[in-house]
Amino acid sequence: MLCESTGTWRSPGQTPRLSQEGQPITQLYNLASFAEAMLVHERACVKVRHDMPLDRGALIGCAVMTGFGAVVNTARIPVGSSVVVIGCGGIGLSALNGAAVAGAGTIIAVDVSSEKLAAARTFGATHVVDASVEDPVAVVHALTNQGADFAFEAVGRKETAEQAYEMIRYGGTAVVIGMVPQGQKLEIDAEALLMEKTLTGSNMGSNRFREDMPQLVEFYLGGKLHLDDMVTARVGLDDINEAFAAMSAGEVARSVIVFD
Amino acid sequence: MLCESTGTWRSPGQTPRLSQEGQPITQLYNLASFAEAMLVHERACVKVRHDMPLDRGALIGCAVMTGFGAVVNTARIPVGSSVVVIGCGGIGLSALNGAAVAGAGTIIAVDVSSEKLAAARTFGATHVVDASVEDPVAVVHALTNQGADFAFEAVGRKETAEQAYEMIRYGGTAVVIGMVPQGQKLEIDAEALLMEKTLTGSNMGSNRFREDMPQLVEFYLGGKLHLDDMVTARVGLDDINEAFAAMSAGEVARSVIVFD
Amino acid sequence: MLCESTGTWRSPGQTPRLSQEGQPITQLYNLASFAEAMLVHERACVKVRHDMPLDRGALIGCAVMTGFGAVVNTARIPVGSSVVVIGCGGIGLSALNGAAVAGAGTIIAVDVSSEKLAAARTFGATHVVDASVEDPVAVVHALTNQGADFAFEAVGRKETAEQAYEMIRYGGTAVVIGMVPQGQKLEIDAEALLMEKTLTGSNMGSNRFREDMPQLVEFYLGGKLHLDDMVTARVGLDDINEAFAAMSAGEVARSVIVFD
Amino acid sequence: MLCESTGTWRSPGQTPRLSQEGQPITQLYNLASFAEAMLVHERACVKVRHDMPLDRGALIGCAVMTGFGAVVNTARIPVGSSVVVIGCGGIGLSALNGAAVAGAGTIIAVDVSSEKLAAARTFGATHVVDASVEDPVAVVHALTNQGADFAFEAVGRKETAEQAYEMIRYGGTAVVIGMVPQGQKLEIDAEALLMEKTLTGSNMGSNRFREDMPQLVEFYLGGKLHLDDMVTARVGLDDINEAFAAMSAGEVARSVIVFD
C-alpha cells in the first residue's frame, strides 16, 4: 500500500522550523539536502555498521537504493532473467549492479555515452548497446531472441520509456525508474498488452528502508556493490554548482559533497 | 513463458485438411467455430464431469475463462481487494463472477447499458456505474477513497483502457482484457508509473487449461459460476447471423448455437 | 519478519500500571482480557465502521482473525484449492469461512462432534468427516483423489497436527494453527518432504492489523462472515467461569461477555 | 502440481526393452545410468550449447540441478537472505553455488570434513562451521542473530534435517534435499510452528527442465557455476566400483565416468 500523502508535518499555526524572509521553506522531497544538520523522523533513521565509509554510504540512500531496489524489490527478477537497463548514470549503474547481484543471465546496458557504457561493464553488464549508433530495440531482440524478461528505464524520457516496453518479450515487464517530465504521456501498443506485457514503475526502489540500507552496506563491504566506482569526484559545498553542471553534462556518475 | 508461435501445423507440402476451391482455410484462432466436428491436438482436450450440461459448458472455453481467469489467474487478486470491471458483456460478467468467487471486497461494474448493469449485480457487483450518466473514474475514486486495487477492461476501446489505469490507486494494477483495435496506442500518464501503478493485459485468462476447465465446471455445478444467467438465447446454426447481430447490438450476453 | 520480542514496556524502575499486592501484573498476551478499560499502544488501535455491532466485532480480534487469516494471509490459498480444516471450534469455523470467501473448491471439515460438523456446513464446508467414526486421513484422500492442497489444524494436538500433514498431496501445505502443548514434538515422515510437502504454522492469522480488521467488518456487514452463528451465548462478567466451562466442554463456539 | 506416478511405460503385455534372464529390468529412477545408449522420452531431452564440455555438463542433470534448484526454484530466496547449507558434497556445494548466484547475504556451510569446508568457500560460503568441533545450531544463531532465513539439508540424516529446522529464525524456511532413509520420522518442535517456521523439501530442485538446464550451462560458461571444482576425478567404466567407494568415503565431490 502506497500512501498518497507521506509527510510528517508541523501543526497548522506552528512556527516553521525553516524559513526565509518569513516564508516557510522545506527540504527537497522532505529529505533535506546540502545541510550540515537536519531534523528527521525516527522512522527515517537506520543504524549501519561503524566501518562503513560515510562518503560512499551517502550514495545508498537515494540513487543506489532506487536503481538496485527497482530490480531486486520492485521486479524481484528471478535468477537467470534477461535484463536491459536504459541509461547508465548513478541509478542505471545501480540497477545493473542489482541485476548482477540477483543472478540475472544476460544483462544489457544501453546508453549514448561510450564512457558510461564502459562503466556499465564494471557494474555487471554482459552486453552494451550504444543507442547513438544502433537501434537498441532491435539489438535487444536479437540478443535475447524474443525480447528481454525485464527492462528498466533510468533516464526519464518518453522515448526511452516506450523503448523499454518494446524491448520486453511477451509476458515480460518494463519498469520505469526515471522521472519523465510531468504531464507527458507514454504511448503503449495496446495489442501487446494481450500478450501479457506489463508496464510498471518503481518508487525509490520499493525500499523497506530499515532492512535494505544495512543490507546494501553489507554488499558494499563484501565487495558486491560497486560504490567506489560510482564516486567520480569529491567536492566541498562551495563547488556544488560546478558539480551539478558536470552531472548534467553527463561527465560523472556521482559527485559527493564532503563536509569537513 | 508465452510462445510467439503456438500453432501445431501440418508439414509444408502436406495436403491441408480444410480447403475451399483449392485454398487451405483454417479455423478461427486455430480453435474451430461453428463446425459439427473438428480435429484438435490432444493437449487441447480435457475431460469434464458427465453431468455438466454441454450448452453451458460451451461458454467456459472462451468468454468465461477469459474474464474469470483475468481476475483469478492473471491478477490473482487478494481476498478483500477492491475491483472495477469496465464492460459487462460475457467477458466482463465473468470477470465480476471471478472477483466475487475470489473474495473481493468492493466490486464495481461499469457499463452504459442499464440492462447489463442489472445483470452485473447478479454476477457479483456490489456497485454499478452507468458511464453514460456519470464520470466512472470519479465515481470509482469516490467509492474506493484513493482508487481501486484492480481494474479490468473488458470492452476493447482505447478510452476505457485508459480509464482503467486512471481508476487504480497508487500501487494498483489495471488489466486490459478487451481487444483494442490493432495499431492503437494507449496514452498513459508517465508520472503515475513512479507511484508503482501497473498496466498489464491478460491472454485467455492466463489459463492452465487442464486444471481450470474442470474447476470452472465444479464452480458451475456448485452454484458459484452463473452460466445460466449468461445464456440469453439458444439458436440453431441457421440463425447465426441474427445471433451475431443481437450480440453486436448489445442485446444479449451470449447466444449458444445448438446442434441437434 | 517476525520479531522475537514484540512487547512495548515501561522503562525499568518505572512504577507498573497494574499491580497486585506490590507485584506487577500484566494483561494476558499483553492484550488485556475481561477488563472494562485498558491501555493499548496506538499501533494496536484501528477504527472500524460505526454500524458494526461491538458484541460481534469483539470476535474478530482473536479467533476470527486467527482462523480466517491462516487461510487467507498465511496460506493465501488459490481459488479452487481443496482445503481441510481439522477442528470446528471458533478458530476452525473461521478457517472454513475464510476458505469459502477465498473461493476454495472442496472444503472438508473434520471434528468429533456432530453438532460442530453441522455448524461447519453453515460456515462453508462442502463435506464433513466425523473423526470418531471414520479415519479422516483416508476419507480426505478419497474425497480429493491424491490428498488436499491445504490442511489447517485448529485443535492443538500432536495427533491431529500429524494428520494434517498426512492429508495433503505431494506439493501441498499443512498449516498448524492450534497451540500444541509446549515441549511436544510432531513426527513427520521425512520421505514425504522430498515430494515437496510443506509443514508450517500461522501466528494470529499472519494479520496486518490495520488492513484486515476493517475488511473483516466489511465481510460481516456484507453477509460473508458468519459472526452471528459463532456467538452462541451472551453472558455477564459474573458468569465467566460457567462460560469457560462450557467452552472447554465443547458445547459452544464462542460466548461473548457483555459489559452493561 | 506433482504427479504421483510419473513414468512413461510400455503397455502391459509388450516385451520389455531391457531384460535379464527373462525378467524386465529398469533404469535407475527411469533415468538410466552407466549406459552407452539409452531411450528417453522426448520431453526428457533438451538442447544445450555446442561449446559445453559434456564431462561437466553431465553433472548438471542431477546433483547440480538438485542443489542449485532447491535454493533458486524451491525456496526462491530473496536477495540478501541468510542461508545455511548442511552437507558439502555435490548437492550441498551446488546449493551454496545457487545461494551465491542468487545474491544471498550471509552463506554458512556446515560439514564435518575440513576438506569439504574448504571447497565450500570456493562455491560461495562466507562462513564455515565444522560440526565435529562446534554445535552448528548455536553457531548459526550467533552468526545470524536470530536464526537463518533459510537452511538446506543436503546430507539425508534425521539429525541434520532436524538441525536445519532449529537453525532458522521465526518465519524462516528449512528445506530438506537429502534422502532421509525410508520410514524415518523427523521430530519437529510444534511450538515453533506457531512462529511460522516452515519445513519443506525439494524434489530435483523443483526444476523446469527445458528452461533450467540451458541456463545452468550459461552460468557455467559465464564463470558463475563452479563445475570444474566439482569434478575431482575422471574414470572409465571399469573403475566405477572404486569411484563409488571414494564417494561413500567422502573423499571426492564427484567422479565422472568417461566413455571413449
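Some points to look at:
The chains carry the letters A, B, C and D, assigned in the order they are written, with residues numbered from 1 in each.
One rule holds for everything that comes next: a residue touches a chain if its C-beta (ideal position, glycine included) is under 8 Å from a C-beta of that chain, and two chains touch if they have at least 3 such contacts.
Keep in mind it's a predicted model, so treat the numbers as computed, not measured.
Because chain B and chain C carry the same sequence, their contact can be compared by residue number, and over half of the numbers here are used by both. Separation between the centroids of chain A and chain D, computed from CA atoms only, is 36 Å. Put simply, the C-alpha centre of chain B and that of chain D have 43 angstrom between them. For chain D, the set of residues that touch two or more other chains comprises 1, 211. A ring topology is adopted by the chain contact network, closed into one cycle in which each chain touches exactly two others.
Per the contact rule defined earlier, chains pair up in contact as A-B, A-D, B-C, C-D. Looking at the complex, you find that chain A touches chain D at residues 72, 76, 78-80, 98, 101-103, 105, 126, 211-212, 215, 218-219, 222, 224. Those residues of chain C that touch chain D in the shared complex are 1-4, 74, 146, 158, 161, 169-171, 176, 179-203, 206.
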